[in-house]
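I've put the structures underneath this note.
Each of the next two complexes has chain A plus one more chain, namely chain B in the first and chain C in the second.
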Partner chain A sequence: MAAALLEQVINGAMTGSVYVLVALGMVLIYGVMHVLNFAHGVLFMLGGYLCHFFLTRLTGNYALAVLLTMAALAVVGAMLERGVFRPLQGNLRNQVIASLGLILALENLAVALWGPNALQIKVPATERLVALGELRFPLQHLLIIGVTAAVVAAMFVFLKWSKFGTALRATSQDRNAARVVGIPVERMDVASFALGTALAALGGALVGPLFLVFPQMGDAPMVKGLAGILLGGMGSVPGAVVGGLIIGIAESVSTLFLPTDYRDSVAFAIMVLILLARPRGLFGVRARGEP
Partner chain B sequence: MKRLVALAALVAALYAVPALATPYLLHVMVLSCLYAIPAVGLNLMLGYTGLVSLGHIAFAGIGAYVAAWLMVDARLGFWSALAIAVAASGLAGALIGAICLRFRSHFFMIVTLAFGLMLYSVMNNWDDVTRGAAGFPGIPRAPGFTTLESFYRLALSGALLAFAIQWRVVRSDFGRILLALRQDERLALAKGVNAALCKTAVFALGSALAGLGGVLLVSFLRVAAPASFTLAESINAVLVVIVGGAGSLAGPALGALLFVALPEYLRVAAEWRLVAFGVLLVLITLFAPRGLAGLIAEGWRRVARRSQ
Partner chain C sequence: MRLVILLAACIAATAAAQDKVAVGIVTSLTGPMAPPGKFQMNGFNLAAEEINGAGGITVGGRKYMVDLKVYDTRANPAEGASAMQRLATVDKVPVVLGELHSGVAGAEAPVAQDYGVPLILTVPTGPNLTEQGNRFLFRVNASNDQLNLALVDFIQKQGWAPLSFIAWNNDAGRGGVNGMKKLLGDAKTGYVGYFNVGEVDFSSHVSNIRASNARAVMLFMDEEPGSLAIKQLRDAGLKTQLIGTLAMGSDRFLKRLDADRLAGMVQYNAFPPNADTPRIRSFSERYKKKFGEEAHGFAAQSYDGLMMAAAAMQKAGTVSDGKKLRDALAGLEHDGVIGRIRFDAKGQANPPVYVTQWCANGMRRILYPESLKADCGAG
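Let's turn to the complex of A and B:
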């Protein structure tokens, strides 16, 4: 039992790490721009496809392909901010509807370009097993957890101590005050979108080798990432990290007691229950514009 | 008066379609009607009240599966199964809506999304009752409406009923309250409107209409499959409402026709069609927030002004 539990906890930490990457990106964008981008999951999916493309067509190097993917999608994110989300600023309903349009367009673009069948990213780290006590895990699992931990640490340092990160936080706290002290607020919007999208791309590129690349691969991580954000408290970066991990581990551990088919529902049920009990989530911050 | 005559002529023309159309066109028309019915329900919620539900089609699924179970396992007749199934979706809408409506703006959207996915998961996995991912087979068509032509008349009648309900609601005091809630909820509250009750009521009504659409859909396809009630279908419903024109009486009809019929006519591959509609949805939010109905009304006004 203990071994099975440990196994599910490690598995959950891996999927939870992926949710954390998605949630971090969404929370950054939400914090700075007050935009809820439901299309974050399809950007995650594009990360998987682009990683496959860069790995097989351009470089043979997985790490390089991942970095190229992040750069390419950062550009896509910046373009989406300028073209779609900035003109709709302040109109939450239309922003959400536009992001639904992006889901339809990008998900089906992937089907049109790459076909409906799943692609495989061949990376040695999925085959190499690492022993942890009596359990064995593919190296890729631990790689995902490690990379996510490094990204989270880097994010905290960046947001806390760098000038740019401070400006981002200032913009998210009070847009007008930030403008008054000379922060280029519009540039912060583009930066948060580019950074958030790059994090989604990283998630897609890391998961691709493990679970195949297919057009709907981003749907579940997007919804779970959202659940993580709500759980942690909308707009809170530490909340996104903790929330994403809780969702990942809870749904993995639930498979010990419930049929695996219902693991998705477990995540959503936890989210709804916690929200009913604590509407501002675990790390509740009062978000801008919220009553 | 003039409008009434035009409307009567339109309805008569719609009922006369089977005399002229090929079976293929008729099939497309049936699907348009079946897309329009849940869209009317969503239009009442999204267009008139401002409630963006991202799980709307899951309630069509509730109606569909309740009707399927009643007809196949409980051996009930079509019409009583239909009535119970529509009531069940409305009741589910009232219960789930009451939970969702404790949240506001984006929280509401996310919770509706989560409920939509949970309901889908139940349809997909509760094998004993829903027959799982393969779908619930053996659903009969409505007695007397077994052929394509007759089923078209049934689907059209269902759609017209939905539009009549929408018209009646929008023109009533209840409809005016819904509009007031969309425009300024605090002001409406100050005027003594019971916002929670009214919003729950419109959520239930919208879900019941979705259920009606769901029952007719599975009766047409003769199988209820979870694939008909996915998140993607809920997004499509939002698309139909927004593209047609949220908060306009004819919007869902225009949206459904554009979404189902036009691409069939143009014979484009399914994925490119959805790419185009996704882009169209983004463009409409950017440049024509009142949708197709708004564009037509605007064009009509210009023509009228020029002819004066």
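Let's turn to the complex of A and C:
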């Protein structure tokens, strides 16, 4: 039982890490632009496909392919902000509709470019098995947890201590005040989109070798990442991290006690319970002007 | 005026297409069932090409070329029903074939009955489809009940109990598990876990199967989740006997994994592409020549389906009367690629079901039925 529990906690930490990467990106974009980008899951999916492309067609080096994927999708993210979300600024409804439309467009683009069959990203180096007591995990599994932890730490340092990160936070707190002190808020919008999309891409590129790359691969991480954000508190970066991990670990551990088909229900039941106790989520704060 | 032009165009079109007979196809070209849909379409395309290459179908002294009218139903029952209706009312096809998804087939079947257009299923396995008293529904492939009967017979002979399951959380998965549980009895059933289409993480099932001390695990799923489940079970160090569906007995599947992880695994199979039977060998060769890959059971079943539809049109002497075609199909006996096909009173054929096993060298052997047993390289 102890081994099974440990196994599920490690499994949950891995899925949770993926949710964290998605949630972090969505929270950054939401914080700065107040847009919930529902297309974040398909950007995650594009991350998987591009990583496959870069790995098999260009570099042959997984680490390099992951970095290239993040760079490429950062550009895509910046273009989406410029081309889709900025023209619709101030109209939340249209932005949501646009992001839903992007899901259709990008998912079918992936089918058109790579076909409907799932692709495999073969990385022999990370297929190796690592023994933890009687349990064995593929190295990739642990890599996802480690890379996510490093990215989260880097994000905190960046947002807290760098000048650029401070400017991002200032924009998310009060757009007009930020503009008054000379922060180019439009550039902050682009930056948040590029960074958020790059994080989604990282998620897709990390998950690809462990599972498969297919057009719907981003659906579950997007929904669970969103649940993590709500649970952690809309707009809160630590909230997104804690929320994503809670959802991931809770749904994995629950399978030891409940039938596995209740896994999703457990994730959302926990979200509802926490929101009942704390309507703004674990780390949620009242935004200025809100009742 | 515009109407007149339109009418004229329609008449012109029918005049030009005079020597063609449109046959309706419902399949998945996109969405989650697109990969198996490709095998299905390969089967139909090969059959159509061979029929047309041999001069078409002769009905009433006239030759008709087969023209496939394909609709993508995307594993969606509503799309299936509307495609079926469109085929019956707008395209006015005499017969419709295909479908992959039992749920979608369930939505199409009543429409087929309403319009009197025979629907020949070539892949869906849901047993209840042929239990609705629908005289216009036929099924070429074995249903889950038939597959389970053979597989359970085999498993019991091996003494593999308790048997655990990882299954799709849908009609195919749940129906399959329930069917096998009924035949095996609860005492011989271990852990049962379901997963949703699109889920890729089987780690929780792995823990539960390890804890349940299962002698064997049945994987009710197709190629993609199957490869992930096997990889995750084997990577976690489980040595449990694996049992799979027909999607897991192909060279394509081997390419997704490796011979080490697959060795010893068994799966039921409607069509062992390397079997030393003339009809199978010849089909496999023609298929490989056209598509450059190993023949697939879904393709063989679909090929046979279209061949039967063509035979029924010749026999009934019509390319438009669905009711006459239905009667012709009901009495037809066809020597197909998958075996001798004859529909029973419910429209269900009873083709042979095989159990094949992966050898350590990446080949397959046939273990069941006893009479067709053959060693590595034959499966």
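Keep in mind that, in the parts below, the second predicted complex is superposed on the first by the 284 of 291 C-alpha atoms of A that agree within 3 Å, B and C clash if a C-alpha of one lies under 4 Å from a C-alpha of the other, contacts with A are read in each partner's own complex, and residues count from 1 in each chain.
Here, a contact is a pair of C-beta atoms (placed from the backbone, for glycine too) under 8 Å apart; a residue touches a chain by one contact, two chains touch by 3 or more.
Being a predicted model, the structure only gives us computed values, none of them experimental.
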Item to check | Side-by-side fit of chain B and chain C on chain A, or clash | outcome: clash
Next on the checklist: If we overlay the two complexes on their shared chain A, which of chain B and chain C does A:P259 touch? Say first, second, both or neither.
Outcome noted: both
Checklist entry - With the two structures laid over each other on chain A, which partner does A:P138 touch: chain B (first), chain C (second), both, or neither? => result second
Checklist entry - After superposition on the shared chain, which partner residues are touched by A:Q89: those of chain B (first), chain C (second), both, or neither? => result neither
Checklist entry - Looking at the overlay, what does A:L212 touch: chain B (first), chain C (second), both, or neither? => result second
Next on the checklist: Per the contact definition in the header, classify A:G101: touching chain B only (first), chain C only (second), both, or neither.
Outcome noted: first
Next on the checklist: Per the contact definition in the header, classify A:A118: touching chain B only (first), chain C only (second), both, or neither.
Outcome noted: second
Item to check | Which partner, chain B or chain C, touches more chain A residues | outcome: B
Checklist entry - Which partner does A:T166 reach: the first (chain B), the second (chain C), both, or neither? => result neither
Checklist entry - Between chain B (first) and chain C (second), which does A:E7 come into contact with in this model arrangement: first, second, both, or neither? => result second
Checklist entry - After fitting the two complexes on their shared chain A, where does chain B collide with chain C, if the options are 132-140, 150-158 or 258-266? => result 132-140
Checklist entry - What residues on chain A does chain C touch that chain B touches too? => result 108, 111, 219, 259, 261, 264
Checklist entry - What part of chain A is in contact with chain B in the complex they form? => result 36, 38, 84, 87-88, 92-98, 100-109, 111-112, 219, 223, 226-227, 230, 234, 259, 261-262, 264-265, 268-269, 271-272, 275-276, 279, 291
Next on the checklist: Quick check on the complex: what are the chain B residues that touch chain A?
Outcome noted: 50, 52, 54, 99, 102-107, 109-111, 113-115, 117-118, 121-122, 124-125, 231-232, 235-236, 238-239, 242, 269-275, 277-282, 285-286, 289
Checklist entry - What does chain A use to touch chain C in their complex? => result 4, 7-8, 11, 15, 108, 111, 116-118, 120, 129, 134-138, 211-212, 214, 216-217, 219-220, 252, 255-256, 259-261, 263-264
Item to check | Complex contacts: residues of chain C adjacent to chain A | outcome: 29-32, 34-35, 38, 169, 193-196, 198-201, 203-205, 207-208, 210-211, 224, 227-228, 235-237, 256
